[in-house]
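For clarity, chains are labelled A, B and C in written order, and residue numbers in each chain start from 1.
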Amino acid sequence: MHMADALISPVVGAAAWAATAGAVGHSSRKLREELDGHRIPLMGVLGAFIFAAQMVNFTIPATGSSGHLGGGLILAALLGPQAAFLTLASVLTVQALFFADGGLLALGCNILNLGFFPCFVAYPFIYRKIAGGHMKRWRITTGALAGAVAGLQLGALGVVLETWLSGISELPLRTFLFLMQPIHLAIGLVEGLATAAVVLFVVKARPEILRETEPATGPALSPRALAAVFLGAAIVLGGGVSYFASVRPDGLEWALSRISGPGAPGSTAGEVHDIAGDLQDRTAVLPDYGFREGGRREPAAATDGTPDGSATGAGKAVSGLVGGLLTLLIAGAAGFFLKRRHNAAARGGPAGS
Amino acid sequence: MGRIERHFQDIGYLDTLAGQDTAVHRLDPRAKLVTTLAFIATVVSFGKYEISSLIPFLFYPLYLLAAGNLPAGYVFRKVLLVSPFAVLVGIFNPLLDQEIHIRIGALALSGGWVSFVSILMRFTLTVGAAMTFVAVTGFNTVCMALERLGAPRFFAIQLLFLYRYLFVLVEEATAMVRARSLRVFNGRGMGLPAYGSLMGHLLLRTLDRAQRIHSAMWCRGFDGSVRVMRPLSFGRREFAFVLGWVAFFAVMRFFNLPSYLGSTLSEFMR
Amino acid sequence: MSHHIVEARDLHFTYPDGTQVLRGITFRITHGESVAIVGANGAGKSTLLLHLNGYLRPVSGELRVGDSPLTRENLRMVRRAVGLVFQDPDDQLFMPTVFDDVAFGPLNLGLPPEEVTKKVEAALQVVGALHLKDRPPYRLSGGEKRAVAIATVLSMSPDILVMDEPTSNLDPRARRTLIELLKGFQHTKIIATHDLDMVMDLCRRTLVIREGRIIADGPTERIMRDGQLLASSNLEIPLGLRGCPVCGEGTG
């Protein structure tokens, strides 16, 4: 459930990046203060462990499906919240760069959803409250289950809100929530079970490992700092959204026109068409590039029915199609040419020497 | 299990590609990172019904592909294969937004289909750009760039370590999974108890390894900060690269080249 | 002042969990010597090696490197003088490329960049791995990894080379190459190993450790022929010293 670049708007992406950068900076500073050197390799290797863990599955009884360790909570239990957060951020960065899981712009969202919530909310406020410092089986299991479920629910909520705020997907908020939250309840339970199984093993085999991290951690983020982070994100988001709304009022207009229906004054298919292209319409290199029926130009707004309006739309669509193909051809040819030249140079190089 | 293993091999392959020596490979990684981010930001800033004006943006990944001597087929397949999430969410658009948006002759396209195609376009562009960027830069160099651009050093170093030990740990995990699968019969042994113990062992081995690495670092004078000698230079070529592409993105953002070409062409044919 | 001398006086070491590993180790290794440390698994070899450059501190007893006892003040000097090569090169090669890894030590010593480059290239040249300079460590074969791991230590110009199982996991040819390489070194060498044939090739002197104590210290030739002593440490007489099973000739 990685957020993808294709689904988010720049404002949401940038806001999440800003929030994430803040959290990464905060964690790095915090860790530098208490740095004892051995954390660097430890975090790196545990990050790699999270990758490796994702290739090991177990069967979930009576369902026939399988699950694996997700990472957030177990890292927090082993490393404490800040180090775990940084480690997860690294894992997600590698995934974004190599597996194209998510994307570069969505990276901020993903680190927030999958790193921030488990490390700074689920771990300190749920897992530690239930299981912290205890070596009892039921406490660890309950804590891991509750922590994992909470972390994933928050993460899923993050995905839904970010997608909804971006407005690229048509899914209504409620439907999307209804789809995402239950799925992640199941995923959370599986993750909780896996986390508990591994923690319990460690408790039995080498309890000192967990005990080492427990006292050092302290409160990761005070409730007040946590509130400040959320508030900050809300302000950035709110500000960004309203800024965009104000520079592009037709976005709102379009939304209103959809509510009031296609027959409403001031909204024709032709206008509706180009919500984003409007900017370029106004900067007006070529104000109107629709088909000109019989050479006579008819402003779309002046026509009384949709057919003509959509004819203009069709004109745009056709010229868009043709032009698109043309651009593609040019791009392809340019690439081909560059590559040929490169290969020729590569062949010429060794031969010449 | 196949997916991660395949990914893992891909990492190795991307690394090999990044090891080439072309003009784009030689560019300072910061220039490529900044340009790629600008590219992605521009692409996602388009309205959700935009298709044609996104097309010129193919130039950038195609340029990296060609100038970086990358195998087009491989990159293309990768882009097609990855991350179904965008497609999964996007596929709802045609169902939910059925208002007719464009008519071409008898063919009527709903807004939902248009925005779905737009999502696919964005997806191709952003993923394609990120992938070609890594393939002409290499992960370690990306980390250097991140650090030089202001990411905390601690974070950058930690990324390097993660990447280095990815290869070691994935191999260990693969061996363990293989050993388990050889002794699993009728699905027995695949359950949670065995899993907990297997992962627990892997975890303990991982922690021991971290300890050994730390001692190896200590023995060579490690004092808490990792020093890397990698002179980066942001010269005229880098400036030209960044400015050139960002200018291109800006122009293409506000000027719909395909539409212009198309209308000129239809004008011409008339 | 010569750093080539290592002397241990009654070293004792116990891990925090209570496992007693070293129970009174005493030896003196002088300039240019090549000494093998052999013993069963868990006899305390690796733990002893980690004491030689001060990574682990003895619970009691003293370690001297050069003319002075190891203290907090000269720790830095000792770390440079005693180069420790780990058993698993994957633990030793943690940096992104071979070059970065070999440069890690010199950079930490605070050398200027030009000198670092010179040292790195010289060290790689010695182990015959200069062509691997820009490769990431995970792209190396077992033998190459081992060679580079040695170079990471050589680049700090150590006086004493300490190696943990240098020939484990190597194919016979890579093992031979490594032995020849080590033969060429002028350093004082201390090698912990189970590979007694290599010991025959490389080391004039052998220490046998059992349960944290030295049970034999003497010329390799003599110790390797003492079947009873070796057997008590889970070791066997090296193949090179056994009679040929086919023709019956040999010194066994």
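Basically, contacts are C-beta pairs under 8 Å (C-beta built on N, C-alpha and C of every residue); 3 or more make two chains touch, one makes a residue touch a chain.
Bear in mind that the values here come from a model prediction, so they are computed numbers and not experimental data.
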(request) Compute the centre of every chain as the mean of its C-alpha atoms, then state which one is farthest from the centre of chain B. (result) C
(request) Please indicate the chain closest to the centre of the assembly, with centres calculated from CA atoms only. (result) B
(request) Let me have the rounded angstrom distance from the C-alpha centre of chain A over to the C-alpha centre of chain B, please. (result) 13
(request) Could you put a whole-Å number on the gap between the CA centroids of chain B and chain C? (result) 43
(request) Please work out the Cα centroid separation of chain A and chain C, and write it as a whole number of Å. (result) 49
(message) Using the touch definition from the top, which residues of chain B touch two or more other chains?
(response) 160-161, 163-165, 168, 209, 213, 217-218, 222-223, 226
(request) For chain C, write out the residues touching at least two other chains, lowest number first. (result) 94
(message) Counting only residues that touch at least two other chains, what does the list for chain A look like?
(response) 41
(request) Sort out for me which residues of chain C touch chain B in the complex. (result) 50, 53, 55, 76, 79-80, 83-84, 86, 88, 90-92, 94-97, 100, 103-105, 107-109, 113, 116-117, 134, 136-139, 152-153, 156
(message) For the complex, give me every residue of chain B touching chain C.
(response) 15, 19, 140, 143, 160-161, 163-165, 167-168, 209, 212-213, 215-223, 226-230
(request) Give every residue of chain A touching chain B within the complex, in rising order. (result) 1-10, 13-14, 24-25, 28-29, 31-32, 35-38, 40-49, 51-59, 61, 66, 69, 78, 86-87, 89-91, 93-94, 96-105, 163, 167-172, 193-194, 196-198, 200-202, 205-206, 209, 251, 258, 262, 269, 272-277, 279-280, 283, 285-286, 289-291, 310-311, 313-314, 316-324, 326-328, 331-332, 334-339, 342-343, 346
